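Shared between the two complexes below is subunit A, which has subunit B as its partner in the first and subunit C in the second.
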Partner chain A sequence: MKKRKKVSSFKRREHLTGLLFIAPMYLQFLVFTLFFLGYSLYMSFTDWNIVAGTKNFIAFENFVQILKDPIFWKSVWNTVYLMIGIPIGMFLALLMAMALNRKLPGKTIFRVSVYLPAVTSAMAIVILWRFIYNAEYGVINLVIQQLTGEAGPNWLGDPAMVKISLIIMGVWRGVGNTMILFLAGLQNVPRDYYEVVDVEGGNSLHKFRYVTLPMLSSVTFYVLITGVIGGLQAFGDQFIMTGAGPEHSAITIVYYLWQKGFAEYDMGGASAVSWIVAVMIFVVTLIQFKLSNRWVYED
Partner chain B sequence: MKMKTKTHIINSFIYVIMTAVSLTMLFPFIWMISTSLKEKTAALQIPIKLIPDPVVFEAYLEVWDVIPLLTGIKNTLLIAAPVILCGTFVSALAAFAFAKMEIPGKNLLFMGLLVTMMIPGVVTLIPQYVVWGRMGLVDTLIPLIVPGMLGNISMMFFFRQFLSGIPREYIEAARIDGAGWMKTFITIFMPLMRPAIAAQVIFWFMGIWNDFLGPLIYLDSESNYTVQLALRLLNSMGEATSEYPMIMAGSVISCVPLLILFICFQRYFMDSMVISGVKG
Partner chain C sequence: MKKTKRFKKLMAGLLAIATTATVVLTGCGGGDGGSSGDGGKSGNDVVITFAGWGSLAEKQNFTKMIDKFEETHPGVKVNYQHYPGTEDDYMVKLVSNVAANKMPDVFYLPTDEFVEWASADRLLDMTDYLAKSENYEDGKIWEKAVDMYYYNSETGAVGEDGGLYGLPKDLGPWAMVYNKTLFEQKGVALPDPVEPMTLDEFIDVAKKLTSGSGVEKVYGTANYTLESAVWSNNADYLSEDKKTITVDTPEFAEALQWVADLALVHGVAPTTSEAAASGWFERWCNGKVGMAWMGPWDQPTFWESVTFEWDIMPTPVNEETGKAISWLGSAALCVSATSKEAQVAYELAEFLCMDEEAQTINYESGQAVPNIIEMAENDYLAMDKMPANKQVFLDILKNPEKGQFKPTYYTKNSSWHDYFVTEANKVYSGEMTAAEFCKMIQSELQDRLNGNE
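Presenting the complex of A and B:
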């Protein structure tokens, strides 16, 4: 009897110490996530403006206004459009990973040069590409002019080109990251799986279709889901490179949010936009998880 | 023999393609460095020259006076130091508790934290700004420091995965020696976690170095600028075309610390990415 009581007080100390150890992270969770989440929901139902000084409850008015705003829909369209870069990047990364997943002397040099853009200063990269894309003296157009004698496209000034320019830069910066992940995934594929295909009389295409692709499906899923979540929150590149872009051709949802909050000081409206983004991310993630049962192979 | 020839052909093909790819990937950097070493008048010369003639370092000296780059670096480090030191410790401590200790309702508590990972940062941005503003702390580094000091969920998740691979016997041994939980954590588990910590710290540092939205919203005066905000001033000079060597020099300088980290810790980088992507 006495002994049991001793054990339980020993356990209780472990419980208390454990709770104490997770306390700071829970403080962050409660204050900086839960509290502000509720706060932001509340704000989204008000006409809170930090310059005009208003703070009235207006129910769904913010949401109605936003959903009626053609520029908001433009920002949704642009954000989705810019995500074309995700599958393009994944495809190129897979090709490169497969090329480098063999015994090649000096392949580290290739790997490092493809990965390099991912470890540089974000702003420096955007400034650099803005220079490269410059219609008059950017190096791309200078080369085009030297080779063909004709002027190149107005990369950042032409509404039809802006998004393509942003996608090219995004793929260039992100492809190395994805390649490393695919490369790791490829190295995890057991060799005998390929031998089975050989025994069955299959060719390289069969190996790719029935071994490589399924074995890479969980990495693919990870890359896709983090890419989409990041893509829906795109902001910095556009902000620096183009602003909203000609005819709002580069405005993203978060840029739209920033404009509402920090150019118009409409905090209620900005909160409403943030909730729309959050719901979009939640729905897209949910759909991806649901669909993943069909194509993601877990071992 | 035939097989070997085939392999040789494929490999040579890959060499050619990958060399082209690597040069394409590196070209923007080469252009950045090349421009930064040119004379003002030579930066936009046609036909383009890859190797500057003459090579001048003027831009690298000048840029410090034109934008508050040193202030930016100093402020970024002022944010990064407390956030990373305290935040990493707090995250590791929570991960240790979740992985190795008995806590009532542990799984539920853990799931609660994981759900947070799905909530995008922009949702809490606006009310946070309003509250920091009320406290009179907008245009100080505080709003960029305090939340991070309370830990980082994805880092905690990563540490917990890492710790679940370490046998519990380590704890029992230490407990028998009479060590308390905190002592067990600091003297036994922290050293074991060193590779995981190294990898995560680098990623976090990169995140802080490259953070733009946070500083953009909170910081107004130039004396509080971070690296990214200081660089942004270069961007707006782009219209004055003769400044390109300096703009590129500033960009090169801002890349150097990250490149040094990358070169020193390349192995940790790759391992950490692989663990979160392949096993996470």
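Presenting the complex of A and C:
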């Protein structure tokens, strides 16, 4: 290490200019992120009621209450359950991406139609699916009725069906986006890798197993990480479509948080839930990163 | 390449600064409470804000009433913020106004929020304002309607005692309505306008009205209001002091089971699945149920979109107890405790609540039964529009033994009740008997009620 030399005025000015350029970014981070992060952490230790205006320090009381609440655990279970949709969506997306990676007639139309939900307003999609799922007049049950003569399931009204309904809709909506990512990944696989398999006498299964899959592993990892983080934050579909659901069968952690904050005005409790979610996301993502060394192949 | 990057960074920085500045500036602007000026020519006008939810019909209605208020109060401008959508959506907006310190001067407050807000000192104590008022004397408007917005800050009890923290926007009796045309088609005798049916008779009539299947299915009744069944069976959700959950009594369970059995055993009401697919309102408007429940606020929609004849009937009576009780809904007109124009704001609330012109507009458009007793008993009863038997509404309003407030009105937070409603699906779907369910749920509800004390 060299000793610090006296910096010339030109350099100092350049440093200053540099700092000035990055200042807004840091300022924004400090004001809009770090401050509220700290604030919500503090609030999670208070009995902050937004209507009553109380803000007394109550230590871990909020956390104790939440962890004792059966509905919180139900919301955790539901949130995890709903994430079954992630691997299903990834599998379907990969199949479609591989199909589209070949020369197929009508490829563009297919690509557009699969990607369409990704550019459609989330609100519109959920409202549309609420109609589709309508137990009496919904299109799915009308088809089931026509084909089998039996009444279809009560998609959104039966506690056993609600989560499955949400998963089906989620997969349908997300598959296009994931497919595009996989498609980009597939098109980045160098041709000569496949040729090597040919030369070695391997078949297409070998190509998939030893070239395609490893080459797609970083995309897969990205999709998985973002999917899980998004899954832990699930809220919007429930908010528009089901509410807490019959017998709290659709309540997710973030919906539980929202209820605490805006239905019970217990912002202290809501802050505590948000920290529990944050820690969960952090831990799960950390584990995924650690495990990724074993299966993600970096080119 | 470098240049564009730098440019982007610069732009990002500028944007950040601009956003910060906007937030800081608007934050400061919010300091002067609700009376945000309209910046127009009217420099000396007193400007107050008024917030409420409701349909477009309700919006038009209140716009008319506010115009009248501005006519009679020169120099006052009312900035009416109407929130379409549900009560719950509106409450989220109102709460964000609290957080932003930008409370409207006058606003609707649902009854199940009243205790929470009154106990938080968010509402202006109107006792003295009402005492000084020249427009009010005892006996002018429904006693119950004024009494219900008294709150005693020492005991935490509502009704009669303490300070007055709101005026009734309306007092809405929940009454049973029937499809007259359907009754006549099926050759079923019309309900007596005075004598209530017994609950057994009610099931018999409902059976006679039920017919068809699939999309053509007509049910005798929509889902029965649980409060009515419970109260009429000598049971209640809460103890006398409103501190203990009493859903675990045999009477409560019996009432809940009776309601669930309408669909499960008798097949005269939609199942939970069917009710989730299309609610009572839709079924009623399409003529697919013979009997249902309605409040006066449903009148405009019924006048507009119901093609058959309908009328209301006395609440069915429980033959063992002799009781026939329904609920009374209301919403308060409250003034923010931080309003800078409290006197004018109070006058607006009072005007909307008990001015004759305002009340006339309100009942003629079908929004409510008038708050003014004399007007309700004369002009409203004589109004030539359905329902014909308007006396049923007035009976529920007047007699404490016919109309009660919902349990959530008495408690600070209604989360215990939300919990009950969501979980009660176990009984309606037939998964559990009411007796098992009520026993199981009591402590859960009690915990939730205590947590909010």
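FYI, the second predicted complex is superposed on the first by the 291 of 299 C-alpha atoms of A that agree within 3 Å, B and C clash if a C-alpha of one lies under 4 Å from a C-alpha of the other, contacts with A are read in each partner's own complex, and residues count from 1 in each chain.
Definition applied: a contact is a pair of C-beta atoms (placed from the backbone, for glycine too) under 8 Å apart; a residue touches a chain by one contact, two chains touch by 3 or more.
Please read these numbers as outputs of a predicted model, since none were measured by experiment.
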item	value
First, second, both or neither for A:F262, with subunit B first and subunit C second	both
Which superposed partner A:Q65 touches (first subunit B, second subunit C, both, neither)	second
Which superposed partner A:V189 touches (first subunit B, second subunit C, both, neither)	neither
Touching partner for A:T17 - first (subunit B), second (subunit C), both, neither	first
Which of subunit B and subunit C A:M25 touches, first, second, both or neither	both
Touching partner for A:Y137 - first (subunit B), second (subunit C), both, neither	both
Touching partner for A:I88 - first (subunit B), second (subunit C), both, neither	neither
First, second, both or neither for A:N154, with subunit B first and subunit C second	second
Touched partner set for A:I50, first subunit B, second subunit C, both or neither	both
Superposed model, subunit A: greater residue contact from subunit B or subunit C	B
On subunit A, the residue positions that both subunit B and subunit C contact, one per complex	21-22, 24-25, 27-28, 50, 134, 137, 262
Touch list for subunit A against partner subunit C, complex	21-25, 27-28, 31, 49-53, 65, 70-71, 134-138, 154, 156-159, 244-248, 259, 262-265
Residue numbers on subunit C that touch subunit A, as the complex places them	6, 9-10, 12-17, 19-20, 88, 91-92, 95, 98-99, 116-117, 119-120, 122, 215, 272-278, 413, 415, 418-419, 422-423, 425-426, 429, 444, 451-452
Contact footprint of subunit A on subunit B as seen in their complex	11, 14-15, 17-19, 21-22, 25-26, 28-29, 31-32, 35, 44, 46-48, 90-91, 93-94, 96-98, 101-104, 106, 109, 112-113, 116, 118-131, 133, 147, 150-151, 153, 156, 180-182, 185, 206, 209-210, 212-213, 216-217, 227-228, 231-232, 234-235, 238, 241, 244, 247-248, 250-252, 254-255, 258-259, 261-262, 266, 269-270, 273-274, 276-278, 280
Contacting residues of subunit A [partner subunit B, same complex]	11, 14-15, 17-19, 21-22, 24-29, 32-33, 36-37, 39-40, 43, 48, 50, 96, 99-100, 102, 104, 107, 109-110, 112-114, 116-117, 119-132, 134, 137, 139, 142-143, 145-146, 172, 176-177, 180-181, 184-185, 188, 218-219, 222-223, 229, 232-233, 235-236, 239-240, 254, 257-258, 261-262, 267, 270-271, 274-275, 277-278, 281-282, 285
